[in-house]
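Paired with chain B in one complex and with chain C in the other, chain A is shared by the two complexes that follow.
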Partner chain A sequence: MAKLKLAIYWAAGCGGCDVAILDTNEGLLKIAEIADIVLWPVATDHKYEEIEKMADGAIDICLINGGVRNSENEHMTKLLRAKSKIVVAMGACAHQGGIPGLANLFTKETVLNRAYRETPSTENPDGILPVQRFSAQEGELIIPEFYNTVLPTAAVVDVDYFMPGCPPAIHQVAAVVDIIAKGDLPPKGAVIGASDKTLCDECTRPKEDRKVKKFYRPHEIIFDNQKCFLDQGIICLGPATRGGCGNRCTVKSNMPCRGCYGPAPKVHDQGTKFLSALASVIDSNDPAEINSIVSQIADPVGTFYRFGLAASYLRRKRSNEKN
Partner chain B sequence: MKKISIDPITRLEGHGKIEIFLNDAGDVENVYFQVPELRGFEKFCEGRPVEEIPRIVTRVCGV
Partner chain C sequence: MYHADPPEVTKKLREMFYSAHYVHSHIAHFYALAAPDFVLGPDADPAVRNILGVVDKVGLPIGGEVIKHRGIAQDIQVMIAGRSTHLVWTLPGGVSKGITEEERAQIEEKAKSCVEFSKFTLQLFDDVVLKNKAYVDLILSEPYQLKTYYMGLVDQNDKVNFYDGKIKVVDPEGKEVAKYTPSEYLDNIAEHVEPWSYLKFPYLKKVGWKGFVDGKESGVYRAAPAARLNAASGMATPLAQEAYEKYITTLGKPVHATLANHWARVIELMYASERLLELAQDKSITDPNVRILPTETPTEGVGVVEAPRGTLYHHYKTDKNGFVEKANLIVGTTNNHAPISMSIKKAAMGLIKKGQVISNGILNMIEMAFRAYDPCFSCATHSLPGQMPLKLTIYDIHGKVVEQLERA
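Take a look at the complex of A and B:
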């Protein structure tokens, strides 16, 4: 079999997905056996110009991690879509916007002001903000346009497969490399490198389906290290989240789930699914009491949509700015 | 004046490009290092519970 041409790209991500690929260790030998890498900024020295020159469809598989935060992310995502037969949105940012999508709770202007003018460690007496075009003495310098709204990959291009996780679990990266090697890919649009159960279904912490009258933050409770978090009034996104991560937070790290594997199977909006799960946990039928119980939850939007705000029904805080 | 662009800078975490301007003699006149990315952790960490911050800012850089 001819070797595949493989591109791995990061848009508005953190490099954690790239490192998840590197963390397959000897699995890299398998990648090298089946594929020639044509782009992988974290590890190889290919330039954008080389991709621009390729014929459409010249790349067999492209793994894109990182969502769309600026015009360069959008351009590269569209360019790689045109040049690739198969595009995989890899990791929570490409899949759902990820952590950077939390910026959709703010506007472009407030994000830029905070980062370049207001932080205590910033010294910028003239209050200069980045400009897209700058005329230097020697010539013009151009940086990408910073968008008002973070978008998941599928909002700008047609995506063939979604591979969730922040980052995708190593055993799942290896499993995806396997199905690529065997040419055994599922129907277009499928979620790969994950399970078809919820994280709760796969969690081994005993669950008694208890009802609660209070939600706790970590400093307010000494919790049982073995039992279900939600049973104890600790917010855990397990019921609304897709499984397959190996329960690395809930079981292996004794930490409640924050939903990085995205919505559970057959669920579009993770946050509303979690609200529905939460409703069945609350031990009250009195509207006033229910109100007082849910008001104990710190930062609902930033917790229920920790990784998925940009792909959710909410998408962003209202703003009059275009994109 | 001739311009050489190195785009992207590779084998590090993050996005960067370098533009090198050469004068008529072919010598380097000036070099600009540019970071064409911002995600805005400085802003969107505001409003998040303090105990959640370690699980958020670990995504500044995953390398």
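Take a look at the complex of A and C:
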């Protein structure tokens, strides 16, 4: 069988997804066995122009990690879509916008002002901001345009598969390499490298009646290492989040789920789903008391949409700027 | 921010985690991102000048060891904190879990293996690079030198430390000019803005920004492995110290050679492995009391560690509930932004001669000046992808364009 042509690309993300691929260890040698890597900026020395010269559909599989935060991310995502038969949005940022998507609570102007004018270490008496095109003595210097809104990959191109996680769990990266090697891919649009249950369904912490009178943040109490976090009044996104990560936070790290695997199966909006789960654990029927219990929940947007704001119904804070 | 001092065991666990992180990061940087230039040569076909090409050249058993030990370092982090990338284990006042005696014993065995692998890596560097006169000449050649200030975290004995200590700065002659605590960072460094880059240019505030020039009059400083070894007076573990002494004897001190970063990196790999082993052999590290509950009202705080690619500053201001209202970060590679720009220019000017054909090898050697600092530049901007557009315009003395070469 001819080797597959594989591209791995890093857009608006942190590089953790690339490390997750490295973390498959000997899995790397398997990747090299089944595929010729035509682009992997973190590990190989291929250049954009080699991709531009390829015929449409010449790449068999392209794993894109990172969402779209600037014009270069958009250009490369579109280019790789055109050149690839199958595009996988890999990791929470490509899947849901990820942590960078929380910047959608601000505008481009606020972000740039903070970074280049307001930060206490910055000395910028002329208030200079980076500009897309700058005429230097030696010629014009061009940098990508910074967008107002962070977008998940599927908001920019047609995506064949979604692979969640921040970053995807190593055993799931290996599993996806396996299904690619076997050509055993599910129907288009499927979430791969994850399970069809919620994180909560897979968690081994025994659950009790989940009646909460007071919510705590993890640093505010010494919590029980065995019991369900929600039973202890600690916000855990497990009921609203897709499983498959191996409970690496709730069981292996002794910390609640933060929701990086995205919405649970058949759920579009993770935050709304979690709100509904939360409503059922509050131990009160008195509106005033309910109000006081709910007001203990710190930073609802950042907690319920930590990884998924850019792909949620909310998407961003209202702004008049075009992207 | 919370004014909560975690238990001693927590500090040891965090340092042990961080040592394992260094082992992973330095192996990845050296083998996957730097070794291709040396093991395969700067002129090698770009199609094979990568980690898979290195494995091909050095043989699968050695390649397997590289993969195995980077994996071991990641496993240790998972054992300590539950996960390696984006750990969720840290809390104000401590960490969410400790380690058992059984885990400690396993980490000790793995750390021993990392020390052995670091010996092997130092030997490999010796065989492939130091015994090849052409490479030593390349490292010491003028196009790859910059005489700047150097910054690094040091412990109370003035040795390199990644996790804790004071930030020390030495001048281009190696003389100490500053030693400060994290909360004093704003008195010592500032950042310059240029319109053509999203990444800022830190410099020493008391010396001042004088543009893209080196020397004592310019506030440009460097961070990361070679800079750390210049700032400190040695390494805190025996085998790393031995390797450091050989490095200083060969190159002098301070080391101005940009490509020496790769050598300094493998010396630091040894230090990280030895420190990992020391901490794993400390039986008090299994103490289960890894947390205290913060009682003070949170306000503001500055934290500094040595990230693998340079001094990392985090500064947060919070409301009374501990919600971050303002944050300011200066991350590893950002420290080196001005030096990177200067190193590329100097390499290009030194390597390209009149009438010479500009080969891919020469373009790669210019990129090598960049890769010595950080192969994945996007780490520092969090907005640009990890690739390297490099456009070379050659002018004659009248400013007329003679040739343009581009790597898209």
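Throughout what follows, the second predicted complex is superposed on the first by the 322 of 323 C-alpha atoms of A that agree within 3 Å, B and C clash if a C-alpha of one lies under 4 Å from a C-alpha of the other, contacts with A are read in each partner's own complex, and residues count from 1 in each chain.
The rule is short, and it goes like this: a residue touches a chain if its C-beta (ideal position, glycine included) is under 8 Å from a C-beta of that chain, and two chains touch if they have at least 3 such contacts.
Because the structure is a prediction, the values reported are computed rather than measured.
Contact comparison for chain A: of chain B and chain C, C touches the greater number of residues.
Judged by the touch definition given at the top, the superposed model places A:Asp45 against both chain B and chain C. In the superposed model, A:Thr110 makes contact with chain B only, not with chain C.
In the superposition on chain A, A:Pro120 makes contact with chain C only, not with chain B. Look at A:Val88: by the touch rule set out above, it reaches neither chain B nor chain C. Applying the stated contact rule after C-alpha superposition, one finds that A:Val131 touches chain C and leaves chain B untouched.
Of the two partner chains placed by superposition, only chain B is touched by A:Gly98; chain C is not.
In the superposed model, A:Leu6 makes contact with neither chain B nor chain C. Of the two partner chains, chain C is the only one touched by A:Ile222; chain B is not. By the document's definition of touching, both partners, chain B and chain C, reach A:Cys14. Annotation: chain A residues 10, 12, 14-16, 18-19, 41-49, 69-70, 72, 100, 115, 119, 130, 136, 138-139, 141, 143-144, 146, 166-167, 218-219, 255, 258, 298-299 touch chain B in one complex and chain C in the other. Residues of chain A touching chain B in their complex: 10, 12-19, 41-49, 69-70, 72, 98-100, 102-103, 105-106, 110-112, 114-115, 119, 130, 136-139, 141, 143-144, 146, 166-167, 217-219, 255, 258, 298-299, 302-303, 306. Looking at the complex, you find that chain C touches chain A at residues 2, 28, 32-33, 36, 46-47, 49-52, 55, 64, 67-68, 70-71, 74, 78, 81-89, 91-93, 96-97, 185-186, 189-198, 200, 202, 205, 209, 291, 293-294, 313, 315, 321-323, 328, 330, 375-376, 378-379, 382-387, 389, 393, 395, 407-408. Put simply, chain A touches chain C in their complex at residues 9-12, 14-16, 18-20, 22-23, 25-26, 28-29, 32, 37, 41-49, 52, 66, 69-70, 72-73, 76, 100, 115-116, 119-124, 128-131, 134, 136, 138-139, 141, 143-144, 146, 166-167, 218-222, 225, 248-249, 252-255, 258, 260, 298-299.
The part of chain B that touches chain A in the complex is made up of residues 1, 3, 6-8, 10-15, 19, 21, 29-30, 32, 34, 36-40, 42-44, 46-49, 51-52, 55-56, 59-63.
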